[in-house]
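Report on the structure given below.
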Amino acid sequence: MPNGPDRTDAVNDSTHLAPIELRSDNAAGAAPEVLAAVAAANVGSALAYGDDAWTAALHDVVREVFEHPQARVFPVISGTAANSLGLAAMCPPWGAVLCHETAHIIQSECGATSMFGGGATMRGLAGDDFLVSEESLQGAFDATRWGDNHHSQPSVLSLTVPTDFGTVYTPAHVSSLAALAHERGLRVHVDGARIANAISALGCSPAELTWKAGVDAFSLGAMKNGSLSTDAIVCFDPAVAEQLHYRLKRAGHVASKMRFQSVQLSTYLHDGLWLRLAAVANTTMTRLASGLMDLGLVLVSRPAVNMVFVHVDDAVIERMERSGLLFYRMGPGLVRFVTSFQTTEAEVDDALGRIKQAIAD
Amino acid sequence: MPNGPDRTDAVNDSTHLAPIELRSDNAAGAAPEVLAAVAAANVGSALAYGDDAWTAALHDVVREVFEHPQARVFPVISGTAANSLGLAAMCPPWGAVLCHETAHIIQSECGATSMFGGGATMRGLAGDDFLVSEESLQGAFDATRWGDNHHSQPSVLSLTVPTDFGTVYTPAHVSSLAALAHERGLRVHVDGARIANAISALGCSPAELTWKAGVDAFSLGAMKNGSLSTDAIVCFDPAVAEQLHYRLKRAGHVASKMRFQSVQLSTYLHDGLWLRLAAVANTTMTRLASGLMDLGLVLVSRPAVNMVFVHVDDAVIERMERSGLLFYRMGPGLVRFVTSFQTTEAEVDDALGRIKQAIAD
Amino acid sequence: MPNGPDRTDAVNDSTHLAPIELRSDNAAGAAPEVLAAVAAANVGSALAYGDDAWTAALHDVVREVFEHPQARVFPVISGTAANSLGLAAMCPPWGAVLCHETAHIIQSECGATSMFGGGATMRGLAGDDFLVSEESLQGAFDATRWGDNHHSQPSVLSLTVPTDFGTVYTPAHVSSLAALAHERGLRVHVDGARIANAISALGCSPAELTWKAGVDAFSLGAMKNGSLSTDAIVCFDPAVAEQLHYRLKRAGHVASKMRFQSVQLSTYLHDGLWLRLAAVANTTMTRLASGLMDLGLVLVSRPAVNMVFVHVDDAVIERMERSGLLFYRMGPGLVRFVTSFQTTEAEVDDALGRIKQAIAD
Amino acid sequence: MPNGPDRTDAVNDSTHLAPIELRSDNAAGAAPEVLAAVAAANVGSALAYGDDAWTAALHDVVREVFEHPQARVFPVISGTAANSLGLAAMCPPWGAVLCHETAHIIQSECGATSMFGGGATMRGLAGDDFLVSEESLQGAFDATRWGDNHHSQPSVLSLTVPTDFGTVYTPAHVSSLAALAHERGLRVHVDGARIANAISALGCSPAELTWKAGVDAFSLGAMKNGSLSTDAIVCFDPAVAEQLHYRLKRAGHVASKMRFQSVQLSTYLHDGLWLRLAAVANTTMTRLASGLMDLGLVLVSRPAVNMVFVHVDDAVIERMERSGLLFYRMGPGLVRFVTSFQTTEAEVDDALGRIKQAIAD
């Protein structure tokens, strides 16, 4: 399977039907609650760079939601920033970050971690279902010449939860990998670009999938699930947090109008909004997947969260595109659909109708 | 004069009068027009990372406002990001950025340019009124061993317009310095953290203070003047723009919901909004400065834009603080006032009344 | 096959026979001619950092030996320095270096290229016999999203000639790969850690295996073949050379007593010394390999240069070690022998005798 | 006074008298003892990268000479490498290295420390006689916003002992500065490019000028005083040494034929050779300085080690150059003479005779 969607296929304006967005949850807008909170924060003046009441409140929310009294949160503008700055603070320049060979951090961030990490390297591990396995991690450790300065030393294990291919690590799986990693002195990081979808699907608590499973820091992944202009690093390790304090500023990732970033995140996390938003994406995907199977289409696997890969004849794909459906081609005969917190049941049913027609034509 | 305000003085809650914000334009909120535009852009879906209609429109606005058909604009989250990424794209790793010794880029960005620039260095130049002079620039060139690999090679001249101390370069001054710099093969950069205030005060066109004066790229400085969550690099040199395309992504400075960043900037620049906002800050400062002189206080110099430094007895300063005025102490007997697009004439008059009382007590 | 020898096996002092060095050509000393030239250069005074007559002479020698009037040579202290600084000068920070997945630059240099390259990344390609194939290179190009800033852009093709596993690229193979690479705008680099052995074995001219085949710059690889304290980058591309002028100095790789480095290299390259030294290593390896086959042992492949991998029972390996033979275990039942310019026919015959005995015991 | 000599003045071939080298101790060759030791080490084979008996012996010598049982030594190819890699291991990327504003590390290493240090910055301090004073150090601390992430945090104090202008820190001065630095959590580094000359002139022990005075790591400075191809970092702090283990390898500064580097340094340090060599440079300088004063010339100051700056009429300077004297012009009417371990009393007397004649003509 190729590494990502073919963006040149994405444009479609040769239809008279309204487009239905199934390309990416990244194409969704901001949650109304988030936008309203930003507007409400636009009162009076507030010191820049985080010395404001909204940012203080965000820390409280994070500590409550993640049940961790020392958790610290660092708003940043993008998932790439969250991942690469978080990893740079966890890995010495001569270290290696271990991750699945299909991970976003190794495939789609243009060397960001190596840049911020002063030349730290990435080592891709194999594993079924796009998941790092205990065997592949142990194999990487066994192949390492520990202490030999010819070799970048494994220093961080990074897991993508859920993966870019829609599969998920359970808390038990994260725990088991983290235990192996900690034994060898590695820190454990999670790229949580869609972690709300995973938590919602797994039905676990946010703490169970993160620090209780051994995660030292993770990217919160708010952008795809309703945030307007901010993602964040959440950090449970004070030594990493101390580095982030400086690393973010010199990377230009400390917003001067921080209140407008912080208030998005506290609204997002407060009272379960993030999990409700993710649940919409997950359940509309479940509805879509069932419908696709009813139409006789073959899924690569049952969707665990909000994305599905489906085998479809190329001629049908073309008719689907002409019908106004927006989705990505992953290669010949294979397409990807992604739902978001904005996807409605009506859209799903409409999409299934158009697909049925495309098959029939 | 110390490098910056003493932030520990900033808190003041021991008063019954409403606080009046004169600490920094960075403490202001977002312009209502900007916020409304963000809300209006929250419709439908749009591809991430800049492949959207709002970002395309922003390029058109920038080209029109700056009268330059090849101008490109790169939204980023902060002024530090705009400066350091812009400079890194203009300077080889073995190069030196020349700037005034009091410049924000050398004093207050925690080495960001050296980090993004792969070890590029900064060389501070002297100059009256916090401005680089032709003499100091020529002196730096004369002291340089050009081509000698023991020495970082001067590669960029960066001017802060206006300076952090409220003084301004005229278009003629920028032109004259840029001509010297270009002669020696340097590129010319402007840190425009408050460039709207300078353009408004000078009454020149945006083009006259930038590319027509020899500027190759500059930081737009929207954050202090009404932006919600974005600043930007504006670039007239295609070779620099090509680097920025990659450098921003790997620095995590390409927002996934780019439409929400782009629409802020196109609203900000459209139909002169940015200059009207800056004019409010400048004219309320003029009113404040006149009032301060009427009270018998001595200004370090007449404010050219929206900040003023004033000699005040320490006992008076303390009474001013107790009266609910928010401002920065710059050292014994010296305070700084800054107005913003949100400052009103009524606030100025109220502030002057409190200062008068503090002097009298 | 594991990535490298197990160094903990290397020590062997439990024998009464003289040790025979077959671990690595890196364990050899300096060629007597090189040492004598250094001693001869220790006369009078000479300006530091390359402004000396010996360094000027080295440039002449390089231009003559490689038949290229613009060739420039940069002495550095190690092969890692030659590779990583050469590659950093050929690759933008957002670029990727393509090489075989077993290449030394990706496996054994602790991220040096990513560090000097400002976060440039490495992409390992598959290929039989540890050689990059046209198919794997073309496949990497096909999988690349050219111009997409999410992805490190392929910028350099680096070939290890010969490979760390003793296989060799012919000039035709290098030409064919270089043509593909240049078509896509990549530069072509060779890690020539043992290039003298390859040139000697192939019987081609130094030019035919380098610039005539499309190589833009390469590491000379003098350390394993008789140099005392210097390796070098040889560069045919003036733009790369201009970068190296600065990059080497700021990496601390410009020797102050440059004359002593330069004279080693001019002696090494003059009048074919380097190729005669390499020929000794190659021919003693041929003698050794024949003898091993005569003893009934199975080689992984016939040695093209000066190293061979041989299947041997572990019990025999232990007896070989006890007999004073110095070699590396590559894993169970597999050993590596390497000859150097210092290896003698008598040593080979002695070694074969001990192996015969070890088999018999 | 300009930052360094004008190298274009250095060439002089219009004389029939033998040249006398007084430009730089960097122009001297290798000590015969060092060269002999290298030749003697060219026996048998030895594992690469420091797993050899000569390198083990070097550690013993360093620990004995510096009276410190945990001292570790890291041979590198140049003083720039020793300084910049040592400093990078002592300073976080967001840190600042404090040093005198005329220090070699800030003026003449092309940003090496910022590059290896991931964007660490340098802050130049004022001070008479090119020496950092307690007042200027304390002033820098007072001006620092500790913990504020807008500002590079002072992390290392680096002293040049002796300075590039021939002045020296006493052990008491180093101690006093180091105590101030340690109090604020900084590490203390010495650029010892000519430290042997300082130790010899001061008559103190190597320990007294280094770790007993609070120095955590320093550059040994062997290149100007008899080494052939190696300088070194000597490190008393195990945490810094652990970093150097990796940092040097990935910077390409671990020589494969390490035995030839190590043996130079152990010979250099053994039995006081380094101090005897330095004493020759110092005493010939004393003789030269006395003679210059006898000729009525005015010295900028009495030489503490092996260099002197002298006021001379430009017409006389030209005649001195024509007489075959090799020295540097520092500006109009000012020249620099430097002696080395190779300078003889006869050369000094010969030089003084030529200067006398140049004055007389």
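For clarity, chains are labelled A, B, C and D in written order, and residue numbers in each chain start from 1.
Criterion: a contact is a pair of C-beta atoms (placed from the backbone, for glycine too) under 8 Å apart; a residue touches a chain by one contact, two chains touch by 3 or more.
All values derive from a computational prediction rather than experimental measurement.
**Student:** Could you find the chain whose CA centre sits the greatest distance from that of subunit C?
**Tutor:** B
**Student:** Could you see whether B-D or B-C has the larger number of C-beta contact pairs?
**Tutor:** More C-beta contacts join the chains of B-D.
**Student:** If you average the CA atoms of subunit B and of subunit C, how many Å lie between those two points?
**Tutor:** 52
**Student:** Between subunit B and subunit D, what distance separates the C-alpha centroids? Give it in angstrom.
**Tutor:** Each chain reduced to its C-alpha mean, subunit B and subunit D end up 42 Å apart.
**Student:** I need the residues of subunit C touching at least two other chains; which ones are they?
**Tutor:** If we look for residues of subunit C contacting two or more partner chains, we find 7, 93-94, 109-112, 115-116, 118-119, 149-150, 246, 249-250, 254.
**Student:** Given the complex with subunit C, which residues does subunit D contribute to the contact?
**Tutor:** Within the complex, subunit D touches subunit C at residues 7, 10, 19, 21, 23-24, 26-30, 32, 35, 38-39, 41-48, 51, 76-85, 109-112, 115-116, 223-224, 227-230, 246, 249-257, 260-261, 326, 342.
**Student:** For subunit A, which residues are in contact with subunit C within the complex?
**Tutor:** Listed in rising order, the residues are 2-4, 7, 93-94, 96, 107-122, 143, 145, 148-152.
**Student:** Which bits of subunit A are touching subunit D when the two form their complex?
**Tutor:** Touching subunit D from subunit A are residues 49, 92-94, 118-119, 149-150, 153, 243, 245-250, 254.
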